[in-house]
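Down below are the structures I want you to see.
Shared between the two complexes below is chain A, which has chain B as its partner in the first and chain C in the second.
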Partner chain A sequence: MAGADGDDSLYPIAVLIDELRNEDVQLRLNSIKKLSTIALALGVERTRTELLPFLTDTIYDEDEVLLALAEQLGNFTMLVGGPEYVHCLLPPLESLATVEETVVRDKAVESLRKISHEHSPVDLEVHFEPLVKRLASGDWFTSRTSACGLFSVCYPRVSSTVKAEIRQHFRNLCSDDTPMVRRAAASKLGEFAKVLELEYVKSDIISLFTALASDEQDSVRLLAVEACVSIATLLPQEDLETLVMPTLRQAAEDKSWRVRYMVADKFSELQKAVGPEITKNDLVPAFQNLLKDCEAEVRAAAANKVKEFCENLPEDSRETIIMTHILPCVKELVSDTNQHVKSALASVIMGLSTILGKDNTIEHLLPLFLAQLKDECPEVRLNIISNLDCVNEVIGIRQLSQSLLPAIVELAEDAKWRVRLAIIEYMPLLAGQLGVEFFDEKLNSLCMAWLVDHVYAIREAATCNLTKLVEKFGAEWAQNTIVPKVLGMANDPNYLHRMTTLFCINALSEACGQEITTKHMLPVVLKMSNDQVANVRFNVAKSLQKIGPVLDSNCLQTEVKPVLEKLAADQDIDVKYFAQEAISVLALA
Partner chain B sequence: MSAYSTERILPVQAMSSAATAPPSVDKVDGFSRKSVRKAKQKRAQSSSQFRSQDKPIELVQLPLLKDVSAQEQPELFLKKLQQCCTLFDFMDTLSDLKMKEYKRSTLNELVDYVTVSRGYLTEQTYPEVVKMVSCNIFRTLPPSDSNEFDPEEDEPTLEASWPHLQLVYEFFIRFLESQEFQPSIAKKYIDQKFVLQLLELFDSEDPRERDCLKTVLHRIYGKFLGLRAFIRKQINNIFLGFVYETEHFNGVAELLEILGSIINGFALPLKAEHKQFLVKVLLPLHSARSLSLFHAQLAYCIVQFLEKDPTLTEPVIRGLLKFWPKTCSQKEVMFLGELEEILDVIEPTQFVKIQEPLFKQISRCVSSPHFQVAERALYYWNNEYIMSLIEENSSVILPIMFASLYRISKEHWNPAISALIYNVLKAFMEMNSALFDDLAATYKSDRQREKKKEKEREDLWRKLEELELRRGIQNSDGIIPT
Partner chain C sequence: MEGDGGSEIKQWCLSQVKGAIDDDVTEADIISAVEFNHSGELLATGDRGGRIVIFQQEQESKTLAHSRGEYNVYSTFQSHEPEFDYLKSLEIEEKINKIRWLPQKNAAHFLLSTNDKTIKLWKISERDKRPEGYNLKEEDGRYKDPTSVTTLRVPVFQPMDLMVEASPRRVYANAHTYHINSISVNSDNETYLSADDLRINLWHLDFTDRSFNIVDIKPTNMEELTEVITASEFHPLQCNTFVYGSSKGSVRLCDMRAAALCDQHSKLFEEPEDPSARSFFSEIISSVSDVKFSHSGRYMMTRDYLTIKIWDLNMESQPVETYQVHEYLRSKLCSLYENDCIFDKFECCWSHDDSEVMTGSYNNFFRMFGRDGQAGVTLEASWESSSPRCPLRPWRVCAGSRRKEDEIGVDCLDFSRKILHTSWHPQDGIIAMATVNNLYIFQEKLN
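And now, the complex of A and B:
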């Protein structure tokens, strides 16, 4: 026992505390982060009697230090002697839960929630719950906001009288006169509802929910929308209409766009929570309104949910609802004035084809896809292209190829390199769906043009793209179509293009196999070892290292080794370095 | 309440010239991302309340007020107020042109009418005026056009309906300032809810609107004594939400400007509520990322407080030190500017209380590798009053400053800083040559002592870690320390 406790002579608390008090914040921070080490050195008893009181008393410090402290204390249970003594950690965490800085407070609450589970039911009532009450009735708003996050962890494990008190405290905070506290309460409303008995959900939570949802501040109202999802899930279907729907309807038509945005953003969750009947009667018209909202933000959020909403419609009426109610709104969104709305729609619209089936897709959706493929905003076109696979399953991509090609070509030459990069990434997918002939005819030249793009990221992506294409179309195709072009660049006057040849070879050798590599690629690489630019020469060394494993040992000894030895004697230090590295990796020394 | 009678609002121009504009780092730093960004074109935006109106709006043209008899005027005035409750969609530049012009001229007429007429303010007019103003100005502000709206770089989005809105604000200000205006009647209509909605509008991106709101709120604060505590509390909430929750609110500078004049009128001794406001709300505002947008107004408020009650100096300076910028040199320069304003009014007895932590920070600033920070801090030595304070306390300050100055005098990359440092060292030498020589003589041994201490610390931590490791092994053997 004595051995397990700290050695007093070695680690006097004063020295340790000096470390925690160091003038340099960084050193203080370091010590706090190693607080567990200090506690270990002191042993559990002195941690309880000396270290924790010190921490509680000298809590004034930089927020960064406090944050680290709040985090540490959440993992301190064993260091104070186990669950039996865990309540010793409450005083410092209580102070931390009242500081101004939000991240510190949140961390303190997180740690308090964590250690609440380590309290026995008795300790929870004797030590933890009083702390929650103190916080809930604190003078300054910070302690009251912290309290909001603690109710739900103690409620399930306390006696019914204490439960009643907790409910009362929560009620008070929901009508606090500081909006910050009401926001905190509103954001925990759903969580708290989950631990309450159903009768109290109906009696207490619903009235709080209704009040918060009609708060004067929109920042509070929108949080009530979030809670709505959890509350609706808890209630039996027959009560939803009277208890939840009036509030939800009101939120969907709130005068603040932020609240309507929240409704749109949570629409799928709400839909699942209220069930198919209410969805048909209430949510469909509400969703239509959101899709036609006057604020682009709201329309974009709603547009994002189109596919999910349609998917989750009850099967018996799904198609009718989509065709008569949703599709007309979607059609309008295709020509929306705001590009974010259009691009949100473009990212999900293709998903509708699986839901509606072949005929409807061809008749109703295809014109929309084609319109979006011609949209002025590259992001919209890109989103359509990136989801081609959904359509491919239903009607085949050929239906689109006429419009697809110009769209791809335009994106491939877009002035923004990020757009070009994005379209490159879809090339393997497109190639797979369009087939090798179409690819050779229309897209191959684009892929080659990217190899000489003036942005390195594009050249790099183009190289990687080639590898994927070879994996798809096979070595023979590579040998006939791309390898000659790639090798041709080895004679380009621009050294960056010559290096691209090397990068392509690095990427392709494995996919192309030994024969093509040895016969066609290796000679070019070896020849480039005489390049006048040092960067090219050391990339030759790197390439040889890379393709070495694909070559046979005879070839390595007779062809590669002499060249690497020559490079190892190069006048350029980098060339030497990489040549030597290649020699040792390939074990040619 | 007479304590409030001195309230005034400084004109905006006076405020901005009173503030020492911090040199913009952007201008100097060629790598700044934003300096190369093109300034965006001015955009216009309308409130969030319009859905497309299908029908054109028709208003019945009423006769001019001056063309009817004095008895008929009040009734006609009410009718015109009601007409002005009609709202137009200004994003649609082609719709209702005639009616928009009619409303504009009616508003103009109303502005003139409340300015010059007498006896028009009957009890029934109050609710109608407030209703008309509420209808027009209270609206949900639209979302900001760009996600990363940077008020320093981007042009603000202007309110599209400004041609009407401006006149409504002007009318309301004239109404509040009218000699016949009676707060005792108006308070039934201009209540807490009204004020709350007014405060929300301060988030408007349009600086013209915020300027009008500033005047309106100030008039209301001046005339409605019953609303004062409420207004202060709501401003507190806005600021706290801004600092700790959203980091976004466009009207911080305007609200601070109003507060500047409110603080000016506080009675002595200061109430606990006001001190709490200083420490828990104003000081944390310094931590905001967009500090540069309202720093001048904030520093003004702080100095106002200190002029009222010098004993607040210590908590204020400690607060500034707590929120001292860690990475943003631009903000550091602002802090140094504010600190100098505070030092300009500090009492010597207060100075002694905070000199140690204060000069520890200044010594760090002086040795900042960013030359603007170092330069700003070194300029303190050009301030005669600060110099006299330093001189009186040189035995405390010199030892704190010496090591940084001595080291930097040899190392700083910027020759201008080296020259300034040299002057400061010279000043210290003249102030207290004995101490200076002592410090110079022990500089080396002090550094060695520091190094030794550093080594001891490392040893301590190494031992502690060994211990932890040993425990870890014990634990894995199944021996749990009790």
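And now, the complex of A and C:
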């Protein structure tokens, strides 16, 4: 096939093949990622007979190479000759499915699942299913864990005798000696249940589920909680009480906090899976217990679900349940000893107001909001403030403003700059909801104070905040309230504050429009070109470049150009550079 | 056996001595950890030079019917290097403090090794094939003329001499402010704990960037510090249970199910102090130097300076068994304090069937106790005074000056020769222990 001139086209492929075993991992990785190019050059026959056997033995390599290989092989069907030959990909993937590195194994299983669909029903029984069995009865638990992920893809497509064998294998793995395998089986239980016939779900899966849910290892039991969701979805309502609920009740009261945490974390899914009746009778008390759990991690997870849980309660009894069962627990959580619990609650509690309506919110929730706004932990206060919009819709924000203001002021002056940064980000939202009057009266001075914060990130965020406020309140408001203050800082003795003036002008010119920019801002900028600090001068040049597009051409020629020319002759190299850049960008040369 | 515990005490024979046998020992060669893996097929030692040597048991040979396979070097690698903590101006020694094997998960073997600060996960694997065939090179590395390439060649794996590789898989660093004294793998096979003087952290084997603090006994004011953690271990079967021993001689059992932070112990094993025996040294000698669960998980053994205590997990008030390791040293505590020997941390281990326990002592003596009888036997790890396949002669330490052949006076003991690190084959009558720089392997005499 290769003549004398075939060398040119073969050379790059030859390099790629040689680099499959280069000492440098990067080069090997590179070659593996171009495996399809190599396979294409070799043709389907040689790919099957030479390349794949080589790759099957490559399991000694670094994880990242193996990971890339496992991924490539999932897309290799056409390169080995199409679905007819797809089974040739099984040996290398089988060996990758037994390595110790979880990510590589998982990727190999993913690719195996992918190519299983490309097997004909006959090939599936002749090639794929035996591989699953080999892995399932392998000596090492790495191969048995990999098998767990493959049952569900072949089960629907094989004969009933093979189906029975697969069920048996899965049963064995659920009671494997090593917790690793039982964990893998538990995590695939739900997925496997979905492809099983309902009669087997009831006969097989339920008993496996019950066994895994009472495993001696916490790490296995907690995975059974996840399976609970899928299994409950599959069963008819009338069977849930006898088949699933005993296990779920037991999990919600498990001795291990990690299992209870899992129940709390999956509570909304569980609630949807078991339906309204069981929710009313069983889940409500269970949820109350989780909210009162002795372990803070569990309470925090449950607190996170308060809103979702309440939202999904059946409409006819929602309000009663919340008022009589949930709200008392929530009230206690507001003064929890653990700040993560309080903060989790603060991030969802405002959402309850839409569910409970105006009167209940004012009577019952408002005191809680107010208490949280005064919490000692800034994160709690921030979470309340960041969700103000939900309350605003129901009762209007005025109800809160009395307490809101001190909370905001305190956060605005918090010693931790990250807290200050977080509250700045909520300013535009607050401004929108509180209205311009309230803002001018109470918050404007805060926004200005941030401009002279000693942390740059805060000054920068404050600048950005001004832009958003102007977008909200309009140019006229800007001219009256903030522009004078910003321009006033141009005479500040601290050069960092003078630079802030320039940064504000950069940010505001567009929002304020041509008139304000030309009349009020430009003169200040031009004046600052005489500043004694070079950093200020080159920022003048940068500002002029930035606001240039807002100005008219006459003004550019008569006022901006002379100043830039002067700066272009500055003794400082940076000033010169930025002045020249501005001249060329604004086309003033 | 001269009435020394009755017929139950088994006889032991010297099987092998590893390491150079001369008096000139370099610091780096001193063995600091000895550990069999879960099948007993491999035996790992760590030393002060940060090296780990792994020995593999040979398949039983047919010619020597009465001897089990010998251990030969399988792999040697540098686990830790000396480091310098520039922030604290502290040298970090490369000395291996502990080695723990992971349950085998595939054909390769994995172990955790730790120095004072950093834990590493090592993979020890075999390779018996290598790829051959280049397109652009000869096998000897000479480049071919690129234009001579007319067909593509895919490399082929060919058999080669067996090669054992040790490769670092994970490094768990920056989680300990104080010196790590213990590591222990959980029965869930996915987590392990590491303990330093004041804290215990829980790690997931797959994640090196986070660990969870599960015990913290650091007082806000360090001047109030009265107790440190000296050893810690997971229960062999219950994934939620672990214990830690303290410098005051107590052992706390914690249940990780109860809370995320296990500052509240669920059981406290402590023997009430005998006020009449109280002395300046009481607290020092009660410090727990090692704690080990029995294989069954029912009992727990602690080693303090003079005794081994066996506790039933269901009884906190006092140990069910107490064995005197070297009671004759009680009168010598003052001089042992002066030469710092009193701070030596002796390890202890259970026999494969939990019926016997073993620990080290001075003068290269080690003590074995059958759990049915009270008196133990004192044996010596010495290549000079024992011959292969001959049962070891028990020693007796006495106070007086008149001695029989098998007796030695307390004053004649050599305190520089001590057996701190010991390990018992998990399924068989084979024990391994480190004298200064030598590894001794003994086998139970087969009848």
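In this section, the second predicted complex is superposed on the first by the 572 of 589 C-alpha atoms of A that agree within 3 Å, B and C clash if a C-alpha of one lies under 4 Å from a C-alpha of the other, contacts with A are read in each partner's own complex, and residues count from 1 in each chain.
In this section, contacts are C-beta pairs under 8 Å (C-beta built on N, C-alpha and C of every residue); 3 or more make two chains touch, one makes a residue touch a chain.
Small disclaimer: the values here were computed from a predicted structure and weren't measured.
J.: Identify whether chain B and chain C fit side by side or clash on chain A in the overlaid structures.
T.: Superposition check on chain A flags a clash between chain B and chain C.
J.: Which partner does A:Glu441 reach: the first (chain B), the second (chain C), both, or neither?
T.: Neither partner.
J.: Is A:Glu363 touching anything from chain B or chain C once the two structures are fitted on A? First, second, both or neither.
T.: A:Glu363 contacts neither chain B nor chain C.
J.: Figure out whether A:Ala14 sits in contact with chain B (first) or chain C (second), or with both, or with neither.
T.: The second partner, chain C, only.
J.: Could you say whether A:Glu476 touches chain B, chain C, both of them, or neither, answering first, second, both or neither?
T.: After superposition on chain A, A:Glu476 lies in contact with neither partner.
J.: Which holds for A:Glu277: it touches chain B only (first), chain C only (second), both, or neither?
T.: neither
J.: Once the structures are superposed on A, label A:Leu51 by its partner contacts, choosing first (chain B), second (chain C), both or neither.
T.: In the superposition, A:Leu51 contacts chain C only.
J.: Which of the two partners, first being chain B and second being chain C, lies in contact with A:Leu40: first, second, both, or neither?
T.: The first partner, chain B, only.
J.: Pick one for A:Glu100: touches chain B only (first), chain C only (second), both, or neither.
T.: both
J.: From the superposed pair, tell me which chain A residues show up as contacts to chain B and also as contacts to chain C.
T.: Chain A residues touching both partners: 1, 10-11, 15, 41, 100, 102, 140-141, 178-180, 183, 216, 218-219, 255-258, 294-297.
J.: What part of chain B is in contact with chain A in the complex they form?
T.: Per the touch definition, chain B meets chain A at residues 48-52, 140, 142-143, 193, 196, 237, 240-241, 244-245, 280, 284, 322, 360, 457, 460-461, 463-465, 467-468, 471, 481-482.
J.: State the interface residues of chain A toward chain B in the complex, per the touch definition above.
T.: 1, 4-5, 10-11, 15, 19, 23, 27, 34, 36-38, 40-41, 43-44, 62, 81, 100-102, 140-141, 178-180, 183, 216, 218-219, 255-258, 294-297
J.: Can you list the chain C residues touching chain A in their complex?
T.: By the definition above, chain C touches chain A via 103-108, 110, 123, 125, 127, 129, 131, 134-137, 146-157, 187-190, 206, 237-240, 256-260.
J.: Tell me, which parts of chain A touch chain C in their complex?
T.: 1-2, 6-7, 10-11, 13-15, 17-18, 20-21, 41-42, 46, 50-51, 53-54, 57, 60, 98-100, 102, 140-143, 178-180, 183, 216-219, 254-258, 294-297
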